[in-house]
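Letters are used for the chains, namely A, B and C, taken in the order the chains are written, and counting of residues starts over at 1 for each.
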């Protein structure tokens, strides 16, 4: 069964739902968003990822209409949003603090936006009930926000912002206040709801695992700029910079000098050591500085030197972090550089081969690493 | 950065003008040359001079200060005890009645408090004078002190007292060495509140003072009934000045100490 | 033992100087006026033992209360006190709310100063603050001078010694009591609630009505009681700013007592004033209680 992949960003015919055109936002002389251009498509689950203070909330608040754009334009469905107040936008926001009205019951909170539209009473009731069922809150309809748990509050906030069936739903760190287990459950719930309702989601998070789980595309931000936008897999496997590689997941970075060699590069990284071999789409001039980025799970750890591997290097185990299903070994190379390597714990503890101080060999293939310019 | 919106700036300006213009006019016209209080006739400080020569005002002021110091001091002691009983007293017979008696005077109209105390003093044949005013003022001020102190006591971590007991303090030492220093700001504001209430009170003092002890408010009231007078303006200016200096100084001191604490905490956070 | 003293001292003090005097008022309100010192009968004579008490009780009656209901003066005084207190409370709310609102919206570095400015008048003498209005409201006063000068009026308005002056006086002196609870309710409010309301389709104005006002309700209620309760028994303001036809119970009680020397009737007036106050006081307590529970 042929299933078309959801990738409107690769389709030149597709019309974006949201367009940022050279958007700059300043607070006084502080620039929070700098000359940002980005399209977001209908039905996307778009994540904004970045360290605290990089401008994620500001970006959302501009979409919702709480902040004006200093320079540039934001278009939603082709319409310039510059002079449209928040209450006139087909955009709803789920607030970081949930912002549930403490004087209204769960039911009334969800009905709040519908009542503003002046819909007939029966219609409002039907819609609220639908939302309560969708978020599994039927039992709590009569309670006030302070009488329900954190997870339930978060679902009320979600139901309230979904009730008006917005074209675009903004979620600002929606799961930040939940514990890990509840957060994971809710992530799947969110994806499920997004699938059912067909709403476009833009979600802010600083949890990279969360972004990877839920998103169609992830935007990694730093200091008011988007550094890379790509699908979770691309972001992980083919980061465009050391910043992105380092931000998403664990990575080993080795600095070196690139020299062309066949369809790949030889990377000289330390005096008197064999260069590493890596294949890459990026091109470098001979003698250019570059960074080799390798994920720990792509580094194999062995007792003997492997015969057929593209890259092999000897080192000594300094530390072992036992994580249950896997262990991470911190291995020191001859020049003092630390490399992390992961191995699955397929055997019981007492039968494990490596221990502290052991001399071991690390190896990876010529396609395991990415070579980055910056 | 938040700014004042047009609407907010207007309501604050109009609101504070309403609160302060009457007093400002009073102050300005206390320096008026003329006896006619609503016509400006040039600058003069003569009314301050004549006020300070007026023995009846000076006597009344002295009575008032004696009453205020005595009543606020006793009220602070009794009120702090009352607060402690309310918050830490546990169960005892008549607890509800006790808390009722602490809160009721706060909402009791002054005319009733005054009337009832006067009837008591007459009933037991107590001669009215400074002493009876002190009794009366102490009674209603101690309730205000109780409320101020108990709100501090409620937010005070009980385990500190328990730690003191654990380390060998007697209950009284625990109170003296641990609780009192921590609730001291509330006790001091309680005293100031009691002092101000006593200085300010006209109605209860009128009932309980009798002819021998005229307090300043009673003296002012009888003068004011005749209409506006420049001497009263001068007296008001002096009282407003004292209060303003007092309140502003107190708030600066408390702001300084909270800033210093903040700075210390930040320094400590950086050091670790 | 120490605990006993700790409880007993304030307890007995309040018993002796609050509860007992109040019972005396109750008793005298049931007695008759007499030309003696003290000017009422019966006197309780405990030397005669049980028969004395019986004789005493048999002479008590509700005559004074009946008298209060028959003389329209008292009836009108109660109604007019309620009316004046109610109107001034509403006026204070209308003046105080915008100020409290603006304070809560003010930049952080301004808040402490604004708060100080609201509290400062509270520490200044009540009497002086009432007095300051006499010079403003009188016929040749500053307000009339100003209005004549601007040409809005051609003959001076009579404001002093009318109910209008009493309203102004009450609003002026009790304004801080209205502002502070409303301010503290508004200040606690999470700003994102208003944004959420706008996000869900409210205009600024409807967000104010649907979110800000309900959330400051507890502050509004507290402020209104804090103004209404003392205003009802107010004496200084009606006697300095009000006219001879301004009827307020506090003033009537004062005059019964000091001018007519009718202690039993004065006591009866006091008892009824208290009965009237019980309702708002109980409601106020409930409101506070509810608020405390919500805060926890």
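Here is the rule we use: a contact is a pair of C-beta atoms (placed from the backbone, for glycine too) under 8 Å apart; a residue touches a chain by one contact, two chains touch by 3 or more.
What you see is a predicted model; the values in this text were computed from it and never measured.
Asks: Name the graph shape formed by the protein chains and their touching pairs; answer line, ring, star, complete or other.
Replies: line
Asks: Which chains share more C-beta contacts than any other pair?
Replies: Ranked by contacting C-beta pairs, first place goes to B-C.
Asks: Just the number, please: Cα centre separation of chain B and chain C in whole Å.
Replies: Centre separation, chain B to chain C: 18 Å.
Asks: For chain A and chain C, what's the span in angstrom between their mean Cα positions?
Replies: 60
Asks: Touching at least two other chains at once: which residues of chain B meet that condition?
Replies: 1
Asks: Under the touch definition given earlier, write down the residues of chain A that touch chain C in their complex.
Replies: 64-66, 85-87, 91-93, 95-97, 99-103, 112-113, 116-117, 146, 160-161, 164
Asks: Touching residues of chain B toward chain C in the complex: what are they?
Replies: Touching chain C: residues 1-5, 7-9, 11-12, 15-16, 18-20, 22-23, 25-26, 29, 37-38, 78-79, 81-82, 84-85, 89, 92, 94, 98, 101-102, 104-105, 107-112, 115-117, 119-120, 122-123, 135-136, 138-139, 142, 146, 171-172, 196, 199-200, 202-203, 207, 217, 220-221, 224-225, 227-228, 232, 236, 239-240, 243-244, 246-248, 251, 255 of chain B.
Asks: Could you list, by residue number, the parts of chain C that touch chain A in their complex?
Replies: 190, 192-193, 195-203, 206, 210-211, 214-215, 217, 294
Asks: Help me check something: in the complex, which residues belonging to chain C touch chain B?
Replies: Answer in residue numbers: 2-3, 6-7, 9-11, 13-15, 17-22, 24-25, 28, 38, 95, 98-99, 101-103, 105-108, 112, 114, 116-121, 123-129, 131-136, 138, 140-142, 145, 172, 175, 229-230, 232-236, 239-240, 249-250, 253-254, 257, 263, 266-267, 270, 273-274, 277, 281, 284.
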